[in-house]
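Remarks on the structure that follows.
Chain naming follows the written order as A, B, C and D, and within any one chain the residues start at number 1.
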Amino acid sequence: MDTYETVLEMRGITKVFPGVVANDAINFDLRKGEVHALLGENGAGKSTLMGILSGVYQPTEGSIVLEGAPVRFDSARDAIHNGIGMVYQHFMLVPKLTVAENIMLGIKRPKEPLLQIDKASEQIVAFARTYGMDLDPEQKVASLTVGQQQRVEIVKALFRGAKILVLDEPTAVLTPKEIQELFSMIKMLTDQNFSVIFISHKIDEVIEISNRISVLRRGKLEATINNEGVSKEELAGLMVGRDVSFCVEKTPCCPGDSVLALEGVGLKDREGRPLLKDVNFEVHEGEIFGVAGVDGNGQDELLEVITGLRSASEGSVCIVGQEVLGKSPRQILEMGLAHIPADRQARGLVLSMDIKENFIINDYYRSPHSKRDIISWPFVRKHTKENIERFDVRTSSIDTPVSTLSGGNQQKLILARELHGKPVLLAAMHATRGLDVGAIEYVHQRILEQRAAGTAVLYISTELEELMSFSDRIAVMFRGEIMGIVRPEEVTIDQIGLMMAGSIT
Amino acid sequence: MELLSYLLATDLRMAAPILIAALGLLFMEKSGVVNIGCEGMMLFGTFFGVFFARLSGSPWIGLLFAGMTGMVIGLFFAFIVVTLRANQIVTGIALNIIAQGATSTLNRLIFGVSSQAANAPGFEVVPIPLLSKIPVIGDSLFNQMGPIYLALLLVPLIRWFMMKTTMGLKIRAVGEHPHSADTAGINVRSVRYGSILAGSFLVGAAGGFLSLGILSLFSENMVSGRGYIALAVIIFGKWNSWGVLAAALVFGLGDAVQIKMQTAGSSIPYQFLMMLPYILTILALSGFVGKAESPAASGKPFRNDEL
Amino acid sequence: EGQKEGESSDQLKVAALLPGPINDGGWNTNMYDSLKFMEKELGAKIAYTERTPASDYEEIFRGYAASGYNIVFGHGFEFGEPAEKVAKEFPDVTFIITSTSISQPPNLGSFLVDDFQCGFVQGAVAAILSKSGIVGYVGGMEIPPIVNQSKGFVAGAKYVDKSIDAKALLTGSFEDIAKAKEMSKSLIAEGADILVADADESNHGVIEAVEEAGALVIGSSGDIYETVPDARDVILTSMTENMPKGLTVLAKSVADGTFEAKNYIIGLHDGAVALAPFRDKASLVSADQQAQIDKIIQDLKDGTIDLNQYK
Amino acid sequence: MNRRLNTILVQCVSITVAFALGAVVIKMIGISPLFAYGALLNGSFGSINAIGETLVKMTPLILTGLSYAFAARAGLINIGAEGQLYVGGILATLVGSNFAGLPMIIHVPFAVAAAFAGGAVWGGLVGLLKVKFGANEIITTVMLNYIAIYLVSFLVTGPMKAPPGTMPESRPIVDSAQLVRILPGTRLHIGIFIALLALLFYYFFIFKMRQGYEMRVVGNNMESARAAGMRPQRTMVLAMLLAGGMGGLAGGVEILGIQGRLLQSFSPGYGFDGIAVALVGVNNPVGIVLGALLFGFLRAGGNRMQLIAQVPVSVIYVVQGLVITFVIIGQNLHVFQKVGVNRPFRRKTGDGPAPEVL
């Protein structure tokens, strides 16, 4: 392939937000049938650049040239009509609407005031099939798995005639199998001359899927390189501007007493369908116990049962020998539980409140944080400041609302809050989701420190590589059941992948 | 039997203005707009309904203009809550206060201060041939005023519109998740403007029906809280037009029963009878309606430069 | 308006506090008309506050008194207490409260229409003329003038005929016309053929119901044959209370210095309260019936019927 | 800060525009706007008495504003201050018109506490219905308003009616339970201190106390609150209890300080104005005072406008409505500035201060 046809050019794009230059004179081009990856740390400006391409933002400077002609997108609508299909980092689907309704939203079909949902559904199903996807058009989006939702997003974009597909961190929420499916779909699309812009923090993926790679750092384009023989380290270096180590340096595990013990834990939903079935395992002091599985196979419920947010219908859960079932979340926290929830914004933080207020959310009611129902803010300020510094949360002040922190810093804040007091048990889920390599490295180190200090760690994730390199043992969940507990040294990723799909070792 | 027929007829009549207003509110709510100023909007409708019905000699024209008045007010409301993204509740409260003052002022400026209320030709009962002869329900259901039939027709029509048309889908999407709608190329603001205007037409017309159908005159503050009740009816009816109908009927029934009990010489203090519809609502809400889910973006202003 | 001859150079200034809007066609309009009448007859300068909030009675009394008004009316029993308070501060200003019987020399008197008596006549007339033997009364809020009149109504009807079914209903509001209309319809559906409307603004609702459902209406507080000419088809008669005249006489007595701080009651005996002629509906009243009505009125005037025993 | 100055400037301009529009209406009915506004100012700030009146009006408005604000902090929309005010009035009257002979130092606090308790019951009921049955608080508060108003009507015409006579009013508040007037020649009474204390309490409770902190967390993100071991249901009930209590206090101070006995429909809509007070003041203590000042000014001056300039009450409503509208417009004019200052949008599943329905 020597003669490339350039379909899209972004020239000298600069975007200034108050106080931040999110994009700084970026030149970016996309060729027909290629996958062009956009790599960069959190806050490097990737989403902003794509926001400009999709008409959500208007650039401060610079221009967009589409198939040779300069264009101007004043709204998402303009971009869509020009064949730009955007799949956002946070999906833009309406949960209460069905798949078909979501896909039909905004399709421009003049003179058709009626939905004719049945006819459209047929078309959608047929259309999706041509790209090897199965969709149930009548299902509500809220009831789909993330992977399925992503497919809906992609079909939605294609159905509207997108020629250029932008995928913003599409793999962050997928299982390995789903990632492979996504990749084969991307290949199918590029074979049919669609062009794809692929955004990710994950260097391996980028290397696997893309033809060319552009690296952004702090709003500037560092380099655009052909994906031939570039090394992981090289890219990582470009991304963060320093060397990054990829191996988790881990001392051998020397597990102590059992800290968390689950026996025959079962849970049913309102209709009586099992969410958890006979779950048994133990996590010991100084051990990282990984839980692998495709999202929605009971991990959420498992965590909820352990943290007391939900009550199991049978079995027993013990923390250091004490029964947990029937105890309130607060009582469990007081037993020494630290909790990193799956969705930091939904369940971990209160975005509109400030850093110190978020920091004390577990301890605010007890001395020395408060005395006789009155919060001692001077202590809280001092305490928060110390720990914020210790955990390297970057912020100008502890009085700023958490909503202004980047994702990485939000996660660090949660770590600072949960880990500063030497927990007995750390239950974490998706602790590195959406974070850049630097931040992931940081989170891992902190958790390893805890392990070294004797904390038992329950680590739920969908990232198999991470689990393999990071955990001492791994349990694989499928439909609410533990399919097996393995040691990472003794299995391959593929074997775990199979267990995640329901086969027993 | 006669009692039942009577109750049904009274129920339907008392429910109609609330129903029409609630259907209008439903449009707005579906697109994520809460209009607590419904009371005021209705009041404008009552006044201009009478005004134009007098002018033209036709209650239908009065009703039409009552709706259009609603739309003018709706445009103003939309500008403040959609374009300026102001808090919808305060705006609604301001609207209520203005309406109370403006309609009274206009009434006095136009019709003068007299003990003869500004009256206008009202709607007549139009019995539907044959159907109105059915025992019990015939007399109550098919022996009503024109707009009541229309209001009843609107119920399935709006349901159909929301579920089966492209516009309806857009409105639902905007109310549930405006940002998704926006990125899907839907102009969220226009959709909200449109919903507010369409809804305001109905709310205004509901006022018009109160002053031209239930009565045939204008008198200051005659809406008497029905706008607030319409808001409750939406929630009670779970944002579904059939539910709204049912809820409006519950209120109407409360009123009908209450009136009936007073006429029958009940010894219960009349204040308790007046409370009846409200107590019924609370009980119903706590007993079997349960948690209702509003459109997710309900009441929240939308800005499209956030992503 | 020019000043009347013989008056001192400073014009009489009269103000009133009203609980509702001046155009309610009932209680409040009565006071508005009275003020207008004083303006015309006495050349008074008039002012009024409508929809006076309960929290501000006292303050508004004080406001008028302090701004040089000679007479301040409180239009309703509820104004009594605050007026008593303020009256002490302004001995030169005369306070007159309607619909109550309080007095506080030297400068606070009251003016009461005998509502029970009005209701009694209305009830009697309705009972005499009713064909169905069922008569109704629709009142507004539960306040003394309404309650008294409704009790009088029932007493009057029973006085004529023990077996008559006299139903007295309250809407609980002067503003909810729609409810008044439904109530009246309901009464008519129960068989009532004559209704008394005594709910101010909501009277319009009663009248509409009567027009639609076919019955006759008796007005209260004023002659609705004059004030609601459109409804003459269904108007039987009214109890007229000539409040403008009565109040103007009082105001004049203040100007003349002959005002006494006492309770003035107006009723049939002094001619300020009367039953309006049947006019268009005279054909419905037989000579016997007319005689019976006249007798009752006469007996009330000279005290042959002692209403206290019915209260 | 520059921005604050800018905000104040914008607000001044928008209020001026509102009054200018109001002037057009006043002119239309044939009254000199200058004269009318002179009366407005004169009636609200023109004399000691006028200032007293403005403060008298502010007293219940601060409290009903707090009623809305307390609930809003826990993510609830309380339209029920009006009803809470009525029930507070009932209880204040029950205590205040009985127990003659108690020393004032006991009787007043007792009556005020009763008012608080009455409102708290009325508000707490909303909270309970919400957490036990999921009954939407907007509806239940609206319904309970009507119920309370009819309840008062029933009580003053029945069980609580002053013994002789037919007047629908309760017995008067006895001297020992009346709130002392503090400024000679005005009606200003110690209720204003009760309101200010309540405001102080609000500030302290919300920002310094752990229950207030809980309320804010629950109001902003219920899920995070639960995960942190809080009990959102209790917190919501507590919020509604306090909100109701504030509404009840408003009724109490009004009866004990101004009206002196219970009458039907004794509130001129303070409960509804309170919503606007809190919203104009963005639930912030200083904002609430300013909001109450604005409304107190309009109410006190409005009376005077009717009394002196003979501007009909309906026109006064128009002017009031315009002022609120333009204050809202002024608060939101920044949307016309080029770049938003807000945070980029994200899917905030359980987040944002917005309660489930707004």
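We adopt the following convention: a residue touches a chain if its C-beta (ideal position, glycine included) is under 8 Å from a C-beta of that chain, and two chains touch if they have at least 3 such contacts.
Not measured: the values here are computed from a predicted model.
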Worksheet item: What chain lies farthest away from subunit A once each centre is taken as the mean of the Cα atoms?
Response: C
Discussion item. Going by the contact definition above, tell me which chain pair has the most C-beta pairs touching.
Written reply: B-D
Worksheet entry | subunit A and subunit D, separation of their C-alpha mean positions in angstrom | 45
Practice prompt. Calculate how many whole Å lie between the centre of subunit C and the centre of subunit D, each centre taken as the average of the chain's C-alpha atoms.
Written response: 36
Fill in: Distance between the centres, which are taken as Cα means, of subunit D and subunit B, whole angstrom
27
Practice prompt. Can you tell me which residues of subunit D touch two or more of the remaining chains?
Written response: 150, 153, 157, 312-314, 339, 343, 352
Worksheet, complete the sentence: Multi-chain touching residues of subunit C, meaning two or more other chains, are 21, 142, 172
Item to complete: Provide the list of subunit A residues touching at least two other chains, using ranges where the numbers run on.
Response: 91
Worksheet item: Can you name every pair of chains that touch?
Response: A-B, A-D, B-C, B-D, C-D
Item to complete: Name, in rising order, each residue of subunit B that touches subunit D in their complex.
Response: 34, 36, 80, 83-91, 93-105, 108-109, 179, 220, 225, 228-229, 231-232, 235-236, 269, 271-272, 274-275, 278-279, 281-282, 285-287, 289-294, 298-300, 303, 305-307
Worksheet entry | Parts of subunit D lying in touch with subunit A, wherever the complex brings them together | 208-211, 213-214, 216-217, 220-221, 223-231, 339, 341, 343, 346-353
Worksheet item: Tell me, which parts of subunit A touch subunit B in their complex?
Response: 47, 51, 54, 56-57, 75-77, 80-81, 86, 88, 91-97, 101-102, 104-106, 108-109, 112-115, 117, 156, 160
Worksheet item: Which residues of subunit C touch subunit B in the complex?
Response: 21-26, 29, 32, 136, 142, 167, 169-170, 172-173, 175-179, 181-183, 185-187, 189-190, 201, 204-205, 208, 222, 227-230
Discussion item. If we count contacts the way the header does, which residues on subunit D are in touch with subunit B in the complex?
Written reply: 25, 28-29, 77, 79, 129, 132-136, 138-140, 142-144, 146-147, 150-151, 153-154, 157-158, 272, 275-276, 279-280, 312-322, 324-325, 328-329, 331-333, 335, 339-340, 342-345, 352, 354, 356-358
